[in-house]
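Across the two complexes that follow, subunit A remains constant while its partner is subunit B and subsequently subunit C.
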Partner chain A sequence: MVFFTVPVTYSQTTGTVRKMQKVPAGIYYPFFSGNNEKVNSFLMDETAVTNAEYLEFVKANPAWRKSQVKRIYADANYLRYWESDLEIGKNNRALLNSPVVYVSWFAAKAYCAWKNKKLPSVAQWEYAASAKPVNLKTGLTEYILAWNAQPNPKMLPNVKSTYKNIYSIYDMHGLIWEWTSDFNSYTGSVDSKGNGQEEFNNFCGAGGANVKNKKDYASFLRYSYRGSLKGNYCIANLGFRCIKNL
Partner chain B sequence: MFTKNNFFLLALLLSFSFYSCKSNTGQSTADNKIDTVLTGTVTAELTVAPEVPKPLTYTSPKRVKVELTCVEKVMELSDSTQYTFWTFGGHVPGQFIRVRQGDLVDFTLKNAPDSKNSHSIDLHAVIGPGGGAEATNTAPGQATHFEFRALHPGLYVYHCATAPVPLHIANGMYGLILVEPQGGMPKVDREYYLMQGEFYTKNKFEAKGLQEFDEEKAMAENPDYVLFNGRVRSATGAKALPAKVGETVRLYVGNGGPNLISSFHPIGQIFTKVYMEGGSEINTDVQTTLVPAGGAAIAEMKMHVPEVINLVDHSIFRAFNKGAIAQIKVTGEENPAIFRKVKQ
Partner chain C sequence: MKAIIFTLSIALFLSCKQKKEPAELKPVQTTFTKVNDSSAESIYVLEDTFTNENNSTFVLSQLKGKPTVVAMIFTNCVYACPRITSDMLELQKKLSKDSDKINFLLVSFDTERDTPAALKAYANNMNLDKNWTLLHGSDEAVRTLSVLLNIQFAKDESGNFSHSNIISVLDKNGVLKFQKEGLNVSQEKTFEAIKKEI
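And now, the complex of A and B:
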């Protein structure tokens, strides 16, 4: 995948301020074998970006409205559950405080830039998402697998409806999947990586001799999911949150 | 994947190793000359088990369009027991695909928009990277596409190959594809599709309500359910597969696993013919045939007397306690020369 900049001029207004939480520096242990990565301390949105917040973004940035967006930046499913450019619609009013979904990687990246923020890298996202829950009864892996086994709900619940971790960040698992800046660099396709090693890890021998923990089915599902994405895909349960490097 | 020119070359190469012999030679029928010049496009008939698509009537290679959709949905594992199945086409096993040796299969894999996970497909009938898996890691709401040439005749398993593969298979992502030899399959009276697979749940066999997958039991290869066609009593009682005295019945039997090998046996019958492991070698007069995990067999029987034939995995606790029974109900005239109950 080629990452190129999206030609949008941003409005000066940046809307509601989403509270951010500090993620302390640490080490990210990649799921597929590789060198451990040092992660510097950064700030992360405490929740995923909501429909209400995203509405402010499209109001300020006409190029990202449903009727205006270019197909190379967002496929035909972009914001498909919104009634119109600037309306979520009567039936979906309950979703104002739920994560925005059916948004592309390009759109997510543009939103974060508008907020003077960025999308988290896989390393940053995974590192923050591995933090211990403070209010879950089951183990985290068990919790994620149970979520994976449920069909998508008709109405996506509000943000802060699942669990909070020790950094006071909400819903890292159990609500939606989230975009990362380099979503396909760990399970990259043969095309983008020029070799098949990651594919081997992913597909052969029922999921790879080289992974950190072969029993971590929840991570397998997440990395496979990321590996299936393209930048303009807009999907039912895929949203995002932003970060700021310190 | 293949260009026209490549195919002239392939046909040429294969023609050098032409043999007219039939079987017992250790010679694959794919080494025979395969006609590869396409003569039109057809859309494959896909069926839900126990139905099998009609025998193919065309006699030269076609471009065959096949489209499967990955669907995650809650269905019954038993009468009062539900499970979130991951499926090809909304059923376990997935839809049966029937093509002919030499066909170019134009394959589209869709993933339903409301799926939570990405899915892919590895068809064991494919010669190519991952059996199609590398070309088909498909996000929810998206589609992927590839082409393959059906070189070898036989009955092949297909399954999801997205990591973690064992979980996708354990949740029901498998099915069968039949590649008919160039001369077609011999005609029989009835054909049925049965596929064995195990399920691993947190609770015991037939516990009520929605069940969760149990990773520990799956790794210990200790299933709660061993089933034909994805449900307890999928083909028994009122849903037994019908047949009549005098008919020949052909079973296309697959085993999705994920772990167990099936000792497939018809109680009160003998297989007249078994295409062992779904390949070209035929065994005759078989009581029990092995169906490997990720493998298949084609088994035929001649119906001689009215009876209910219990088709079981003869690892017999699986049949008695874990659900591994399907039935053929044979109706028609008694034949005392073959079987009669003698009153004392």
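And now, the complex of A and C:
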């Protein structure tokens, strides 16, 4: 069977090169107990995509400018803090090197395709994000919970402002939430196979019994957060980074 | 419901934990979802190419001109998917003379096993007529379509799929007009939604 995708026309200039780091092969242990998944080695952007980088993308790809983006691809909040199509705004200068947020899944996917990359799957993202920090004083879970407990900063800090993990990848927690390619993976409502198992993977008491680590509120939050998203949602604190399969 | 529980779990958690507003979570679909017309646009913007049950290349925009009733399934599914297909067959039967004015579309999650030949066999088995199209696509095309249709799915270790059971109604231009979630639920509103688009 041969598949092909109608080539999307992207500008040849693909902007600043974001350094990528290798994530070695390993096993992803999903938050819901059950099938552990083998993750092959892949390359991951060492930081989230910044406003400056995203600006290069919209300059080269007019269809993704604020005024031109299709609503089915991005809701009305798309890049809402940007002053105009190609101006992030004087007051936002400090954000140039901070993660771009208020971007939809479609926009994130298009950006990665322009870079000849992809969005990470949930398995890839979670696996990379579970890697040990090298420069944190507390444990990772403790760190994430402390971050979740803080109010939003007035200005989103720059990339590389939190911590680095053993793969030299920055800010997997502590800065923003990030899109994944299969964020809409099924987490359970009506059971398609009729054995009641999916109902169990839910977030009420019964579902809670089946999770990997009942104390891992941080994972709990990420999984429920993903389950509430739609592809064209553009939200504060939600950005992305890209990967390349090897 | 699930989405509401999710939203609540976040809200509860954050309220205990001194909020970090992860998001402005928007109201999510309930069993009956009326899609907001003003923000809706055609899903036929999807450029990915599929293959139909006759092994021909197919792009969604070929469905333009008639309203379309669409669901995502996999043919090895023993419980929910035959149910979805028979719900759609019943809708078709109920439309009687009007049924030629409607496209019925099934897109498979199962990019490995649901080859065009397997889809053809399924169509014969279920007695699906010329108004039906069954599509096989790449992982990426199927995932993107699922996002456009707000359908969640995941593959399990046995190669089967857990997925939301949703029948959607698109207008003649591919704009999502109505969605109905659930099995063994009345298709009355779906029927009305289709009639409205003819």
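One rule holds for everything that comes next: the second predicted complex is superposed on the first by the 221 of 246 C-alpha atoms of A that agree within 3 Å, B and C clash if a C-alpha of one lies under 4 Å from a C-alpha of the other, contacts with A are read in each partner's own complex, and residues count from 1 in each chain.
Throughout what follows, a contact is a pair of C-beta atoms (placed from the backbone, for glycine too) under 8 Å apart; a residue touches a chain by one contact, two chains touch by 3 or more.
What you see is a predicted model; the values in this text were computed from it and never measured.
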item: Subunit A residues touched by each partner, larger count belonging to subunit B or subunit C; value: C
item: Subunit B versus subunit C as contact partner of A:167, first or second or both or neither; value: neither
item: Partner chain(s) touched by A:29 [first = subunit B, second = subunit C, both, neither]; value: neither
item: Partner chain(s) touched by A:81 [first = subunit B, second = subunit C, both, neither]; value: neither
item: Subunit B versus subunit C as contact partner of A:237, first or second or both or neither; value: both
item: Contacts of A:225 with subunit B and subunit C, given as first, second, both or neither; value: both
item: Partner chain(s) touched by A:150 [first = subunit B, second = subunit C, both, neither]; value: both
item: Overlap of the subunit B and subunit C footprints on subunit A, listed as residue numbers; value: 77, 145, 147-152, 189-190, 202-204, 217, 220-221, 224-225, 227-228, 230, 233, 235-238
item: In the complex, subunit B residues that touch subunit A; value: 72-74, 84, 113-118, 120, 122, 129-130, 133-134, 137-142, 161-167, 212-213, 215, 219
item: Of subunit A, residues touching subunit C in the complex; value: 1, 3-6, 8, 34-35, 70-73, 75-77, 105-106, 109, 145, 147-152, 177, 181-182, 184-194, 198, 202-204, 217, 220-221, 224-225, 227-228, 230-231, 233, 235-238
item: Subunit A-facing residues of subunit C, complex; value: 1-3, 5-7, 9-10, 13-14, 17-26, 28, 39-43, 45, 47-49, 51, 59, 77-81, 115-116, 136-138, 140-141, 143-144, 146-148, 150-154, 156-157, 160-165, 181-183
item: Residues of subunit A defined as touching subunit B within the complex; value: 77, 145-152, 189-190, 196, 199, 201-204, 206-208, 215, 217, 220-221, 223-225, 227-230, 233-238
